[in-house]
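By written order: A, B and C. Residues from 1 in each chain.
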Amino acid sequence: MLHQVFSERKLSRALLCALGLSVLSFGSAFAADPIKVGAIVSATGPASFLGDPQEKTLHFYVDAINAAGGVAGRKIELLIYDDGSDAAKANSFTKRLIQQDHVDFIVGASTTGSTMAMVPLVGASKVPTLALGAGSVIVEPVKPYVFRMPHSDRLAAQKVLGDMKKKGITKFALLSDTGGYGKSGRNETQKMAASMGLTIVVDETYGERDADMTPLITHVKQSDAQALLMFGTGQAPAIITKNFRQLGLKIPLYATHGQASYEFIRLAGPAGEGVLMPSPALFVADQLPGGDPQKAVSMKYKADFEGKFKMDVSTFGGYGYDGLMMGLDAIKRAGSTDKDKVRDALEQTKNFVGISGIYTMSPTDHGGLDISAFRMVQIKSGKFVEVK
Amino acid sequence: MSTFLQYLFSGLTVGSIYALSALGFTIVYNARGIVNFAQGDFLMLGGMVTATLVPLGWSLPAAISVAVVVTVVCAALLQRFAIAPAGKADPVSLIIITIGASIFIQGIAQNAMGRNQHIVPSFSGDAPIHFLGASLLPQSLWAMGGAAALVAGVTWFFRGSLVGKGMQAMAINADAARLMGIRNGSMLLLAFCLSAFIGAVAGALAAPITTTVYDIGLPLGLKGFVGATLGGLGNGFGAVVGGLLLGIMEAMIAGYVSPAYKDAVPFVLIIVIMLVVPQGLFGSRVKDRV
Amino acid sequence: MKSHPTRDLLLTVAILAAIPLFVSNSYIYDVVIRIGLAAVAVIGLNILMGLAGQISIGHAAFVAGAAYTSAILTSVYHWPTIAAIPAAAAAMTVLALLLAVPMLRLNGHALTIATLGLGLIVQIVLVNEVAWTGGPDGLATPPLTIGGIAIDTDVRWYAVVATVLLIAMTLSRNLDRSAAGRALRTVRDSEIAASAAGIDTYRLKVRAFVVSAAFAAVAGALSGHYTGFITPDMTSFLKNVELATMVVVGGRGSTLGAVLGAALLTALPQLLGAYADYEMVVFGLILMMTMIFLPNGIVPSIAAKLQALKYIRGSGAKANAA
C-alpha cells in the first residue's frame, strides 16, 4: 500500500505536470504589429449551420485582405475558436482570446446563449465585440462594448406581422421552438402583435429536434387562425412545412430569417413552395435594381463564397462578413487599434453597407439595422423571389 | 375522432422508428449483456449515407443498399476492434466503450459528410393520403410497413433458422452454447451486424420524415433505449411494443397536453414504470443466483 | 495496509500551493480552476461509481441544479453568496435523498436509465421555466464574495477552489480508508456477499448517492459564480456522460484518479483548440482506448503495473499483502 500510494502519487504528479507543460506551451509570442481579430463561432454542434459558414467567411476574407496588403499596411491575424454550440466553452475561449491571445476585437459568438456568456468578460476587459447572435437581449440594454450584427427577432416579427396586416389578417397561429431564438422570438412576436392589433389564437412550442409536428398542426387546423408563423432554427420548420402541406392547410405560411437559406428550400422540398419570410437582400441580389447599394456587395459575397467553398452562400455567413468588415472599418476610421477609440468609431458607424443590411449605429442603438434591411421573399419554383 | 387518429398515425410513424432502434439494442443486449450506445448512430449512418449519395446521382435503392453495407461494416469493426479486445470487462467499461464509439462515429460522420442537415426524398412522393379524416404521408406507410417487415424477418430468423436459434441459445447460456459448438465470437459479431442492418434501414426509412444530421443518433438511440427498457430489456417483442408505445405516448401528450414537456414525459413514465415493474412490461422477473 | 493520512495531506497541500508558481497567465489559471471545480464533482461521483459501484449518468443534474439555485438566491432574493452556496448544496442534497430512496431500489441498467432520465428531465425543466431560469439562453450570476472580500482575481479564485478541492480530497480519502469505505467496496464487488455479511446495502447505496450529489452541488454552485453565466446545457446528455467518463478514465475508486480524470477531460478541448473539427474523433478514441487497455482507469492500472514490476524485481518481500 505504501508503494502503491507512492506510485500513484508520482504518476499523477508526472501526468499533471506533463499536462500543465503542454497547456503552457500554448503561449503565443508575437509582435504587436498585426491586427489581431478574435472569433468564436459554433462551427460544430447544433448551431453549426450558423458557425460553419461564418468560420469559412472569416478565413476567406482575412486571407483575401492580407493578400491585398492588409489594413493600413498591417496584416490581420485571425484567432478563431469553435465553441461547439456550448455557452460554457464560449466563455472559456473568450478568456483565452482576451488574456492569452490579446486580441483587438472579437467577432462572435454565433448563438445568443454563447454571446451572453461572453458579455460579462468583454465588458470587464473592454474589448469591442461584434456579436453574431440574434437575441434582442444582446443589445438591450445597450452594453458599451457589444454590438450586434444580425437582424433582431423583433424586426423579423415586425416585418412578418406587417405583411399579415397588409393581407388583412387579424388572427394567426404561432409555433416557436424552445431554443433561445424561438423563445426570444415568441416573446417579441407577442409584444408586436399586441401593439399592431393582431391576435395570436394558437401559441405553442416544440423542441428543436422534434421529428413530427402533426399534432401541433392539427391544433392550428382546428383553430380560426388565418396564417401560421414558425419562429425557429434548424430543421424543424422544414418538417412543420411538410406536415402543414400533409394536413392540407391553405393559409399563408411564414418563416423567419432563421430559415432564410437554401438549406430550408432543400429540406422542405416541394412543400416549401409559397412559404414567405423576411430575408436580407443576399438571396434576391440578382433581382435588385442596379442602383441598390446592397447589390454589389451581396453579389460579390455570393460569388466569392460559392466559388471558393462550392456550397450555397448563407445569410448566417453574412453576419460574420459584416462583423469582420465593420470591425476593420472602425479601426481604419479610428486610426488605431486602441480599444476605446475603436469602440467609439463603431458607435459612429453610418450607412455601412453590409450583407445583412445598411448599418447605422448610435449610443442608444448597437444593432444598427432597421426594417429596410429586410426584404419579404417567397419561395417560388425552388428559388427566393422578392414580393413587395 | 379524426384528431385522435391523426395523433395515432403520428405516434405510429415515429414509434416504428423507435421500435426498430429498440430492437437493435435488444439483439446486442441479448448476445453480450451490453447496451450499445452506438446503436443510434447506426440509424444515423443509414440516413446520412443515403442522403449523401442521392444528390450525387445514385438511385434510392442503390444508395440505401450502400448505406446499409457501410453501417454493417462499421458495426463489425466496432465489435472486432473495440468490444472483443475488452474481453470480460464489466458492464460499465463496455458501456463507456460504446459511448466512445458513438462519439467517434459522430466525429467521423461530421467530417466526412458535413455538419448540415440532409434530406432524403420520400420514397413515393409526398401526396397526403386521407383516411377517416386524418391524413398520412406515404413515407409514414413506408416506415410502418418497413418496420413490420423487418420485425417479421427478425422473428423468423430467431425462431426458424439454425443460426438464429444458436444466438438465442447463446443468450440463455453462453457456456452451454459453446459446448454445443456455437462460436460465441461469431455470434456476437453477427448480433452487431444484425442490429446495424436494422438500424441502417430504420435510419433510411426515417430520413425523409425527420431529415438527418450527424448527431441525430443521440435522440433516436436514447428513445430506442427507453423503448427497449420499457418493454423489458432482452425481450425482442417487448422492445418493439415499447418503441411503438413510446411514439404513441409522445404524440398523444403533444396533442392533448403540451408539446413543450412532451420529451420529459417518457422519461418520467420510465422512472415510474421502473419502480413499479423494473423488468419492463414483458421482461421476466430476474432472480439472482447466488 | 499502512496508510499515512498526515503525509498525504501535507503532500497535497504542498502541491496545490506550488501550482501557482507554474501558472503564467490568467487563461491558464482559468483552465486550472475549471479542472479543480470539475474534480470536486468527480471525486463525489467516484464515491458512488468507484466505491459503491453504481452507475449514474445523471449527476450533472445536481451540478446544474445547485448552480441555478445559488444564482437565483443571489440575484433574485439578494442572498449573500456565502449563504447561497451552502443553501444550494443543501437543497440538492435533500433532492438527492428524495430521489435516492426510490431509485436505489433499482439495479444495473434500470438505475442507469433512471439517472439518465433525471439528468434530462432537469435540463428540460431548466429550459422551460424561463421566468426563473432565463430559459435556454441562460442566466447571469453575481460574483462570489466571502466576508466582504470580492473573489474577483485569479489568485483568489484559485485559493478558494484549491481549499475546497483539498477538503473534498481529504474527505474522500478518509472515507476510502474507513470501515464505511470498505463496506462500500464490498457492495461494489458483490452485493450478495455484502448483504450476507450483514451490511445494509440499500442504505449504504442511498448514502453514497446523496454524498456524491452533495459534492456535485458544491462544485456546481461555485462554478456558477465563477463563470458568471450558466445555461441548461450544464446537464445535457453529453455533460452527464462526460462526468461519468472522468471517473472511469481516471480510475474508479481512486481519489487521485478522479482528479486526473477531471484534468484530462477538462483540458482536452483546450489542447485541441485549433483542431476542434476532430475533437469528437479524438475524444471518442481516447474513451475507447482507455477502456480497452486500462479498464480500471489510468491511475489504478498504471499503479498496478508499477506494483507488479516491484514484485518482479524482488523488492516485494517487504511489501505487505494488499
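The rule is short, and it goes like this: contacts are C-beta pairs under 8 Å (C-beta built on N, C-alpha and C of every residue); 3 or more make two chains touch, one makes a residue touch a chain.
Please read all numbers here as calculations on a predicted model, not as lab measurements.
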item	value
Chain contact topology (line, ring, star, complete or other)	complete
More contacts between chains, A-B or B-C	B-C
Centroid spacing, where centroids are CA-atom means, of subunit A and subunit B in whole angstrom	35
Gap in Å, rounded to a whole number, between the CA centres of subunit C and subunit B	32
Numbers and ranges of subunit C residues touching at least 2 other chains	128, 277, 279-280
Residues of subunit A touching at least two other chains	43-44, 178
Residue numbers of subunit B (touch at least two other chains)	110, 260, 263
Subunit A - residues contacting subunit C, complex	1-5, 7-9, 11-13, 15-16, 19-20, 22-24, 26-27, 43-44, 81-82, 84, 86-89, 91-92, 95-96, 99-100, 112-113, 116-117, 119-121, 135, 137, 178-180, 183-184
Complex contacts: residues of subunit C adjacent to subunit A	1-4, 8, 11, 15, 19, 22, 24-28, 30-31, 34, 127-128, 130, 135-138, 140, 227-229, 231, 233-234, 254, 256-257, 259-260, 263-264, 267, 269-271, 273, 276-277, 279-280, 298-300, 302-303, 306-307, 310, 319-320, 322
Residues of subunit A that touch subunit B when the two form their complex	43-46, 48-49, 52, 178, 204-207, 209-212, 214-216, 218-219, 222, 234-235, 238-239, 242, 245-248, 263, 266-267, 269-271
Touching residues on subunit B, where the partner in the complex is subunit A	3, 6-7, 9-10, 13-14, 17, 110, 115-117, 119, 121, 126, 128, 135-137, 206, 209-211, 213, 215-216, 219, 251, 254-255, 259-260, 262-263
Residues of subunit B that touch subunit C when the two form their complex	35, 82, 85-86, 89-97, 99-108, 110-111, 218, 222, 225-226, 229, 233, 260-261, 263-264, 267-268, 270-271, 274-275, 278, 288, 290
